[in-house]
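Okay, so chain A shows up in both of these, paired with chain B first and chain C after.
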Partner chain A sequence: MTATAVAAKARRIPNPRSKEARLLLMVGLLTLGAYVLASLGRTASVPVDLMPFLVFTLGTLAVAHLVIRRLAPRASPVLLPVAAALNGLGYVFIARLDTDRAAAQATWTAIGIAAFAGTLIVVREARLLDRYRWTLALVGLGLLLLPLVPGIGYAVNGARLWVALGPLSFQPGELAKIALAAFFASYLVEKRDLLARSTRRLGPVSLPEPRAAAPILLAWGVSILVMTAQKDLGSSLLFFALFVLMLWVATERGAWLALGATLFFAGAYAAWSLFEHVQSRVRIWLDPWPVADGEGYQIVQSSYALGTGGLTGTGISLGSPQQIPAAETDFIFAAIGEELGLLGTTAILAAFLVLIGAGLGIARRAQHPLDKLLAAGLTSIVGVQTFIILGGVTRLVPLTGITLPFVSYGGSSLVANYILLALLIRISNDNGRQAAALEAQK
Partner chain B sequence: MSDAVLTVLKLVFLAGLYFFFFRVLRSVWAESSSPAAGGPGAVQPTAAARARILSPEDSKGLTFDLADETTVGRGANCGVALKDSTVSQLHARFFRQNGKLYVEDLGSTNGTFVNRRPAKRPTPVRRGDRVQVGQTVMELTR
Partner chain C sequence: MNRQIRTLGIAMLVLFVALFAQLNYLQVIRADELANHPGNNRVAVRDFSRPRGEIRTADGVVIARSVPVDTPFKRLREYPEGPLFAHITGFFSFTFGSDGIERTYGAELAGRSGDVRIRQLGNVLADEPQGAHVTLSVSKAVQEAAAGSLGSRRGAVVALDPRTGAVLALQSFPTYDPNPLSAHDQKAVRAAWEGLTNAEAKPMLPRTYRERYAPGSTFKVVTAAAAIERAGELAVKDYPVLRTLDLPQTDQDLPNFGGGSCGGMLPNLLRVSCNTGFAQMGLDVGAENLAAEARDFGFGSVPPIDLPAAARSLFPEAEAFDRDVPALAKSAIGQQDVTATPLQMALVAAGVANGGVVMEPQVMAEIRDPQGRLVRSADYASWQRAMSAENAALLRDMMVGVVASGSGTRAAVPGVTVAGKTGTAQTTGDNAHAWMIAFAPAEAPTVAVAVVVESQDGLTEATGGRVAAPIAQAVLSAALSQSQP
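Up next, the complex of A and B:
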């Protein structure tokens, strides 16, 4: 291909925003379709609030789209539609399971879109977060440990990760992970040369300098603290995995992954021998059937749901996923599996694969190391979190309760994930701008 | 409403869902293969034209323009002249062939590495790659 042909091809690339608008319209129609199907299945009639639902869905999508159009016009067009499709499908299932929670989820979706817009307005360039490095670290750690403060922190189902301020209750840990990812990115960009250096070798493995290992030990300590004090296995695992993955990406050294895995298994073994609830999780993972009416009830119901669903599912509102405890939060994947079958759950997996692939693509194309590392970190959050909960629900790994991003019921989680999405879109826009500037130079 | 109708509607919905993902994947594909996005299909006629020293500390930040043929070594007449005692007099060379930039070790004592892998024969390098000669590490930039 000659240079002029390349240039001509570059000019013919359609505006990513019009592509995004078309995809969003499809998301709106699909969400509406699922909502109508749910109502048809339940009452054999079209839902009475069809018009308000349609206006709300298309309205929130339009607001998000216009914000991107104005503030990040060169960003990738697939991120928002895929996240919105997950959010929409999740909402239909929450509405089908619990009407009260559906109303709350709709409010949280609106707040999430507002947070999305706010993030794009405030963060004009992702690398400006570098200036607030220690603030972000303090805020992140503070949020992570906030539920331990007596008086405002409280526990639900044994895990102490909630904070109540007046009528408002939320999980600060959801926001903490984003602040910490930004902090790690900015810290590791500066220290990566030191962390990548190796002074001694052990056979074929070159060991990092012992002094440089302090941060990884600190991160490990904090995640152990979160696990023991808050009894929150999911967040603890997510937090540690995020740090190790970012360290690996920053230094390009496999030794950190090995060290991280060793520390993880040491911590996991210690937790297993010390805590009864960890042993119980492992027990019901290996064989839930003897205790199907007791501690294994949830996971057994989830397996029944996935089995009942078969290839195409019973149809929305025609199954009985309400049998599964926490069906609208941690186990929403099983509810979708029962009523939309293997095809429905595969679509959910495909959505996360596209989201993670797009996120890693943004990281790969980013020019600035901070952008690169932040995009990789944010993508890791989505990827690890999805793996933890889907692996748990399908009994691939022991169950650790955590929300399925964008799909599960949960205000803090939804808002945090929209902020995360906004940051990825911001970095993607910077990439597009740089590519266009290079194109113009030629 | 009969079960048959509901089943058909459910299948229509699933088909719609998959059509959506088909469209999404098509845009992902278009994005990652478009030249403007710098994806795998991107043509970069001047893939890497400059080397920036990352370490050791005293020469960090120095940049060297790479011509079609540039030598690297401790010798003063090298295109990239380094003051590192672990670098041989004539250590390696960068050269361009069919628009691609290569690095080749010229029988140095301590070797040449591309992204930490020894470069025993001419190795293609791109922007962002790290080339190490002796204890000096440089990153290729535009």
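Up next, the complex of A and C:
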């Protein structure tokens, strides 16, 4: 094949970056429109800081875009625009609910984009994370347990998830889940054959080698520990689900899912019988109305907000979502549902589905098992976390507090999710590069 | 691993479809129910932050208005006159709802009622809906006269125009300041609310229309009306001069207050407020007639006033007296089982004043949209017919005697003929509620009043005339100088 033929072939493949740029422009306009509407709803005037807002929004999007253009030019063009749309809409609602927090969220967005760029710069190939397997495990566990260290760790609303270092406070658990996902991917890819072998049968169920089951039991134990020590049901559930899903994908053995589900229900039952706060969560889930002014207040307010929003919502700034406790963080979805209605909530669901679809598509296309497993794991984090909080807010499942990725207020969560996004983009770029190489060989 | 990843994708899709279904359940199927759930105060927040119309007195004083503030509620409800009109305007609280005019005309004030909104349709796109302004028939001059003359004695004053039922004053003491209840800091609001509701004096109770008292001798007007209207011969019967009346079925005696003796025909019995004479008259008239007459003045029904939760005044059913004849004698002089709100007693005076027709009491005079266009004006209507016009004139003349030379001389207004009736209702021991009902000018009445002052010393018929009559006098004077400027 001649050089001109290669060039012609390359020209026929549309450049994903120009598609991304167009999408990002649309996201910028969408965010800007929502921001202007929020201001019109509140004060019947165009926001005074329209220009700074415009510059900041387009500026951060441009930086992220240029970083990808430079460091991961063949990556999927969908990931960043979808994440940016969620981040932008979330920001508009945070600004509408709490101006002080909006300023902090803008700062965290900038830090998140910096972390995104930093991840793409440092991690030149996702497979290289394999070398730091045990470091990642130690860092992950360390971060997870950091809030338990006396002196620096502290609790908010009963959940001990926070670490304060000087003026800076953050939730290390958010970063831990990424480090642990990377460790799991690297560990499981190596041990998958051992873990897939079944040595015993119990009726129709073939059981895996007992010794190989040790890691899953360990993960279960750690998640139970986190749950009891930090009172953080959401994180421990996410952590456990992540491990079971990755184990299942790696080994291709459904038995692990069955074992995971069994352990989950055993753990859930144990937690339910041991802890009053778990029982109360279940009680509120089943029927919050008798305690609408007490422990059921938040979920009832959330239902009111969603019901009041109806099909089209009240309009941004025209509802009363500030009545829902934690409306900027865990319950931001209910605030969006009140003011943008079913149309808005459906758009959010669709955005997450696109993100999950893109992430799993990257996993499917990845050539190397480690890339595959890591992409599947990272996507599972987004999907499971989103389902946990949205299911909780809509009372589909018992409420376990956790942030809605990219949308909720919260620095640690935003930074962690941008790092996660950068890793997916890195793997996606590797896929694109290999595809192009294959194409070129033909 | 691709098969698992695909399965994972399908599983995620299923979870999100479940979320979508649940969202449809909440935001479409149950949307109306949730939006209008009693526990959902979002409608209240919207109303609370909406520009709300003013409440004004008949003489043009703004007694409730909304001013823009920098809180999430956007507008603060203010009551520039403080406690003076509290029992009329009520309050407008986010946590505790509203009362008074704020409650009755809440939809109009918020611009939410149909007739206000239709007029606003043209402005919908330009502005948010504006609330309508409510003007009352209450005037500040009369209200101040009532408040000033009652002073810091517990009690109530009601003044109304007998021709229409338009309320001119409603004073209840103790009163309260509605401003702290309508504030935005809900913690402070709660504290203010608890202070007011726990206070022994019940400052938030509108004694004018939600509290019942034994009406004492003012009820003799009803007994007299029953005799004139239903047993004409009794109006000319000469009742013996007695110190005490021997009650049937019991060894109990019913004495005159202060141990005096009295008797004679109806005009004189009314003039000196003769207990023995009226007790006997009650027995003569009979339970049936007395109960019917009380009913015709409005006892047993909630007065159709445009203020929330007005109380019924009570007179027992006729059958209740079958086995207890002494109770009938006592009820005829406004004791025992008879209780009345000051509003009801004002309506009794107004009924006599208005040729026997009791008008529906009404506080609102008119409602105008922000552009000044009339939305609604008071629809004055008759409520009860208590007596014939001729009989009402007879009774009126007797009541003139009470003020001219009887127990109610202190209610006299120079240059005007005043008709009235005093009352003293025994409460505990030597304490009594002092009462006065009156109207003027007797020839063509434009104002009727009822006054009650709680728990005054001295258990004589003079108590009502001494304590309550001067208040009636002050309110009548103020109202008369309003209507004839």
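Quick note on the criterion: the second predicted complex is superposed on the first by the 431 of 442 C-alpha atoms of A that agree within 3 Å, B and C clash if a C-alpha of one lies under 4 Å from a C-alpha of the other, contacts with A are read in each partner's own complex, and residues count from 1 in each chain.
Please note the rule applied: a contact is a pair of C-beta atoms (placed from the backbone, for glycine too) under 8 Å apart; a residue touches a chain by one contact, two chains touch by 3 or more.
Bear in mind the structure is a predicted one, so any value in this text is a computation, not a measurement.
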Chain B versus chain C as contact partner of A:A440, first or second or both or neither: neither
First (chain B), second (chain C), both or neither touched by A:L286: neither
Touching partner for A:L165 - first (chain B), second (chain C), both, neither: neither
First (chain B), second (chain C), both or neither touched by A:G357: both
Which superposed partner A:T394 touches (first chain B, second chain C, both, neither): second
First, second, both or neither for A:M51, with chain B first and chain C second: neither
Partner chain(s) touched by A:L29 [first = chain B, second = chain C, both, neither]: first
Which of chain B and chain C A:L373 touches, first, second, both or neither: second
Shared contact residues on chain A - chain B and chain C: 252, 357
Residue ranges of chain A in contact with chain C within the complex: 245, 248-250, 252, 292-293, 300, 303-311, 319-320, 322-323, 337, 341-342, 345-346, 349, 352-353, 356-357, 360, 363-364, 369, 372-373, 376, 380, 383, 387, 390-391, 394-396
For the chain C and chain A complex, residues of the former touching the latter: 1-6, 8-9, 12-13, 15-16, 18-20, 22-24, 26-28, 30-35, 37, 39-42, 45-46, 72
Touching residues (chain side chain A, partner chain B) in the complex: 1, 3, 6, 9-10, 13, 16, 19, 22-23, 26-27, 29-30, 33-34, 37, 40-41, 44, 76-78, 81-82, 85, 193, 252, 312-313, 315-316, 318, 340, 343-344, 347, 350-351, 354, 357-358, 361, 365, 431-432, 435-436, 438-439
In the complex with chain A, residue positions of chain B that touch it: 1, 6-7, 9-14, 16-21, 23-25, 27-28, 30-32, 34-39, 43, 45, 54-55, 115-116
